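Chain nomenclature is as follows: A, B and C, assigned in order of appearance, with residue numbering initiated at 1 for each chain independently.
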Amino acid sequence: MVKGEPGGRSLFISKCIVSLPEFEMSNSKVIKNKIFLKSINGSAIFVMLLLVGFFLTLLYAAWPALRANGFSFLWGKTWDPVRDNYGMLPFLIGTLITSFLALFISAPFAIGAALFLGEYYPHGTVSNILRNIIELLAAIPSVVYGFWGLFVIVPYVQTFEHKLNIPSSGLGIFSASLVLSIMLIPYSVSLIRQVISMTPIQLKEAAYALGCTRTEVIMKVILPSNLSGISAGFLLSLGRALGETMAVTILIGNSPKLPNSIFSASNTMASLIANEFNEAVGSTYTASLVEIGLLLFIVTTIINLLGRMIIKKVSVKL
Amino acid sequence: MTTVEIAGIKRRRAKDNVFRYIVYALTFCCVAVSLIILFYIFQKGITCVNWDLFTKLPKPVGESGGGVLNAIVGSLMLVSVAAVIAIPLGISVGIFLADNRGKAKADRVSIAVDVLQGVPSIVVGMVIYVWVVKPLGIFSALSGSVALAIMMLPPIIKNTEETLVLIPNTLKEASLALGASDFRTTMRILLPTGIGGIFSGAMLGIARIAGEVAPLLFTAFGNPYLSFNLFKPVQSIPLIIFNYGTSPYDDWRRIAWGGSVILVGFILILNFIVKFFESRWKVQF
Amino acid sequence: MEGTILRTENLCAFFGTNQILKNINIDIPEKKVTAFMGPSGCGKTTFLRCINRMHELNPDARAEGKIRLHYEDVYQMDAMTLRRRVGMVFQRPNPFPTMSIEENVVAGFTLNGLKLKSKEKNEIVEDALKKVALWDEVKDKLGKRATSLSGGQQQRLCLARTVAMKPEVILLDEPTSALDPLSTAKIEDLLYELKGNYTLVIVTHNMQQAARISDMTAFFYLGELLEYDDTKKVFTNPKNEKTQNYITGRFG
């Protein structure tokens, strides 16, 4: 084995190193590997348990209220902690109006920007810069949006409302929706832009070849063929809007009464919890708030799963 | 071509131009709003940023001056403990999803992660209140960190999964063919190769929770004093923006603006780091 | 057969319900080059991957029958230990991108937790790189990233990585199909030189390659081993009609 040839000695040394530890059945290594694989699997199970735990905890904590309030909770118009009379209709309405209004306000802007970045100018430095600037909107935390809105949006809204002879402080559904719509834009734009930019070029060329203008290609081919993706984008934005707390809490005026116009002060389900949870005394009061949280959890989960299903279908098609 | 056809084409061209300008206008609005808001925050807040802001504690109502030292320390505590909890857990789940892609069990977990991402932050706060605050009997930094950790998980998990999936399978096979265990293959080959994307995930996770208030309302709760104690309430920058910003006192609101600038600046820097390093750290296969 | 290092007994391989290999019985001689040939989908790569149990990495995969390495049943062994004794080179060069050239050469050691002293490491690196005729080209840049090398060099590096472990058998899955003709020629020369010290089993689509470098050739067709003999005999006087057709280019 040890010959006079160059490398002969190193052959010998290498063979020794390799043959000694190698052929030991290193039990510790096999065990270590098993532990590793088990903990990877365990972490995945943990995440699922976490979610289940969330649901069960909410259910458990809301139980006293579920029993005491019954189904009429959903359409009860009065939220009166003093008399232990709980109905969440005002907040359901507040949530729905705020979210949908924000969605409607943001929709044209989102589609416009998505078309610009996904169809008109999908490449190029300027386009990249603009895209990044719009994405920066997502970097601003909700509480800062609320704070900004308090000083910038609310005064304008107040002036506007006074012009309409509505006495108000500027706080209310309208202000909250305006700011919320700004917050939704980066997410809608991002998703819709991606979907639009992935429209198969054959489809577009077929339309151009028939003599369509760009607008017609957009309206007749691009937007219709991406309807699912665009819906998914809006659905997910809706989910975001429903769960949005801080900006809304700051701007919506914190009123337990049923809102009678978009300029009313109100509360959403999330902002109500934010405003009242820490002060809630008495088991029914707290449990009612948890009940609202449970509903919020269920609704946002359903919307997320729906949006996810649609996106999956869209990606499979591609 | 008849006059009718020519008119039709003219009209369509005009419509085309109008539409184009509408799209430009809408995009301009989005871009302008973004710049206006950022500019406003920096303008308002930069006057409040001084040495005191970083080193002093908030003063009681009526006294001017003061700073957000307790909030800075509190935020650092909350974020670092949350990261310690969430990063290893998130990477593990990401590895699981990448390894089991296409299988039913991976789909189930993937759905769970998506649902987790969509849970409203206030609901997370409520659940952690029941799980940690109630048993401990006190609001604490720990409970805040746990809530934030849960919210940090989805970006870390997703980024880790996507990064690992991009690594060609042949690299994993080369390692296994040399006799390496799954453990060694993952730790020595797969994770180092994917470190860029995993790091991005962690940074994005931190950026997400740095500005969160809702989950802290019932967990960390806030604290006007400086505290390093995990088991006591703690202040954080976004919390102080909320509490002081909505107060009627000018001094407190000034502090809130200063805090806003710090917070937004921090998040922007994180985003910039992610964008910058993502291209630099891309490993060629 | 004299000097057999690898023997299979009625080896069958499945992907789910699909049977890929049907009753393969083959004796592979030590320190020689054995080539596996056959049209696409005939199972030659699957067979190769059964030998070092990479086949079972696929959850639907299953194998029946026996494979013996020096009389030891491969399926009774610990898979990781087996893979240290049987090395593999893949179709596309796959050096580890986060490691330097010398780290790649000793990757087999580091990944198995075997600590090497600096002197040993340098000797192993030099020895392995010399064996694959890469030493002169990279000796000044051992610390550079492995991905900075050309395709042909990377494949030689992967060979060096395998050789450094002193395996008893080296499996090669179409090692030159992703390379240019010059690199292919270099690697074929290498394999020819290595065969005195190592047992090589090579899957190849390139008949001329099989004819050039192998001592024994096995011809697979639709999962069956149709012919297995000295390379000269298989190419000049094949016994099976299908082998004849494949060699003359009638199909495949």
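Some points to look at:
Here is the rule we go by: contacts are C-beta pairs under 8 Å (C-beta built on N, C-alpha and C of every residue); 3 or more make two chains touch, one makes a residue touch a chain.
Worth saying up front: this structure is predicted, and the values here are computed from it rather than measured.
Of all chains, the one whose mean C-alpha position sits at the greatest distance from that of chain A is C. Of all chain pairs in this entry, the one linked by the most C-beta contacts is A-B. With centres taken as mean Cα positions, chain C sits 48 Å from chain B.
Our note on geometry: chain A versus chain C, Cα centroid distance of 50 Å, whole angstroms.
Chain geometry summary: the mean Cα position of chain A and that of chain B are 12 Å apart.
Counting partner chains per residue, chain C has residues 80-81, 84, 112-113, 165 touching two or more of them. Of all residues in chain A, those touching 2 or more other chains are 29-30, listed in ascending order.
Shared contact sites, meaning residues of chain B that touch two or more other chains, fall at 181. Residues of chain C that touch chain B in their complex: 52, 54, 57, 59, 80-84, 87-88, 90, 92, 94, 96-98, 107-108, 110-113, 147, 158, 161-162, 165.
Here chain B touches chain A in the complex through residues 12-13, 15-16, 19-20, 22-27, 29-31, 33-35, 37-38, 40-41, 44, 89, 92-93, 95-97, 99, 105, 108-109, 111-124, 126-127, 129-131, 150, 153, 157, 181-183, 186, 207, 210-214, 217-218, 238, 241-242, 245-246, 256-257, 260, 263-264, 267-268, 271, 275, going by the rule given at the top.
The residues of chain B lying in touch with chain C in their complex are 103, 168, 170-171, 173-181, 184-185, 188-189, 192-193, 195, 283-285.
Those residues of chain A that touch chain B in the complex are listed here as 29-30, 32-33, 36-37, 39-41, 43-44, 46-48, 50-51, 53-54, 57-58, 61, 108-113, 115-117, 120, 130, 132-134, 136-137, 139-148, 150-152, 182, 185, 189, 213-216, 218, 239-240, 242-246, 250, 270, 273-274, 277-278, 289-290, 293, 296-297, 300-301, 303-305, 308.
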